Amino acid sequence: MKSYRKELYFNIPSRRGLVNITPQVQQAIRDSGIKEGLVLINAMNITASVFINDDESGLHQDFETWLEGLAPEKPYSRYHHNGFEDNADAHLKRSVMGRETVVAVTDGKLDFGTWEQIFYYEFDGKRQKHVLIKIIGE
Amino acid sequence: MKSYRKELYFNIPSRRGLVNITPQVQQAIRDSGIKEGLVLINAMNITASVFINDDESGLHQDFETWLEGLAPEKPYSRYHHNGFEDNADAHLKRSVMGRETVVAVTDGKLDFGTWEQIFYYEFDGKRQKHVLIKIIGE
Amino acid sequence: MKSYRKELYFNIPSRRGLVNITPQVQQAIRDSGIKEGLVLINAMNITASVFINDDESGLHQDFETWLEGLAPEKPYSRYHHNGFEDNADAHLKRSVMGRETVVAVTDGKLDFGTWEQIFYYEFDGKRQKHVLIKIIGE
């Protein structure tokens, strides 16, 4: 069994933002030399998500509106967590979208359906955050 | 390390529907010959989910009502994604229920609690969709 | 490839409660002797979650309030599932927070960001429940 590890770094200039990281994950699989296995991609920060969906800007606006409805950012005072912080909503939004995804590696590639793309979703930006890629297989 | 891959196909006649796919996953594990490892089961379409819960029809009705409350299908115009599509709600509902599950394989079987069952949840049916089963182990 | 399996047991005296299980997972990795691989941690009951977030009591109160808003416990009669049961809300809350998490094992340790901690979240307690830890790697 082989394993491979890589971190990606992000510094999103706004509080929230989406980045398509599919090319970086595919490159990590190539670099690993692993042909058959599993790849785990997870946010290493607890106010961000890694998830799979469509790369369509209208949908991304819909995610913004929808998550803000489910877990509003303001007023900050609505959350117990916001004593010294203002990011409780980021922890909740990330819980909806998920911390991680696991994808099959087949024949050295992401084993994906037609429209699957991997995204990093920042919910508390303006600082350095990171994502872990871990691949195991042969 | 061994690996095994199989796709399942669905063509649900309604917009939404649930299918218990536990027997197909167990059969894939038998076919793989893998005794100890992990099995990943994921929707390959971005308007469907794979998740684990109870096979109880009352609960399935509750999921329907609850998800419709969290991310209503209509009016279609409420979503930016629905310019040429009408399935934005399906992308959101799938985000709540999740794309994938990972299950332990122990002694050649799904290593499950008493009531755990694996479901495919269609949110935008009336067309062919697919699910990936990927097993790694020994 | 090596594999290792362990169950954790819980008997939470209230309906809902959170337990930080990071030390038990780290101990299982040590016991397994696995240095590089993946660890799956999942609830074996369908009314509980395993998830990763911050070990901060204010945030945990926010989770309680927020989940109760998304999927209220009462009135019990609002759910079809509650014919002989009263725990439909527990199935829904667990769907938001997730059944499982998969974490990278690197150099014999949980490969974690600074604030990541693994929690068991009970939504229907006062009885024995269990969590599965399955590790594969080398």
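We just call them A, B and C in the order they show up, numbering each chain from 1.
The working rule: contacts are C-beta pairs under 8 Å (C-beta built on N, C-alpha and C of every residue); 3 or more make two chains touch, one makes a residue touch a chain.
Treat the numbers as computed from the prediction; the structure is a model and nothing was measured.
Its C-alpha atoms fitted onto chain C, chain B is found rotated by 120°, rounded in steps of 5. At the interface between chain A and chain B, two copies of one sequence, fewer than half of the residue numbers in use are shared by both copies.
Once the centre of each chain is set as its mean CA position, chain A and chain B turn out to be 20 Å apart.
Touching of two or more other chains is recorded for residues 1, 38, 70, 96, 98, 102, 136 of chain B. Here chain C touches chain B in the complex through residues 1, 3, 5, 38, 40, 42-46, 70-71, 79-83, 88, 91-92, 94-96, 98-100, 102, 130, 132, 134, 136, going by the rule given at the top. Of all the residues in chain C, the ones that touch chain A in their complex are 1, 36-38, 51-54, 56-59, 61-63, 66, 70, 96-98, 101-104, 106, 111-116, 136-138.
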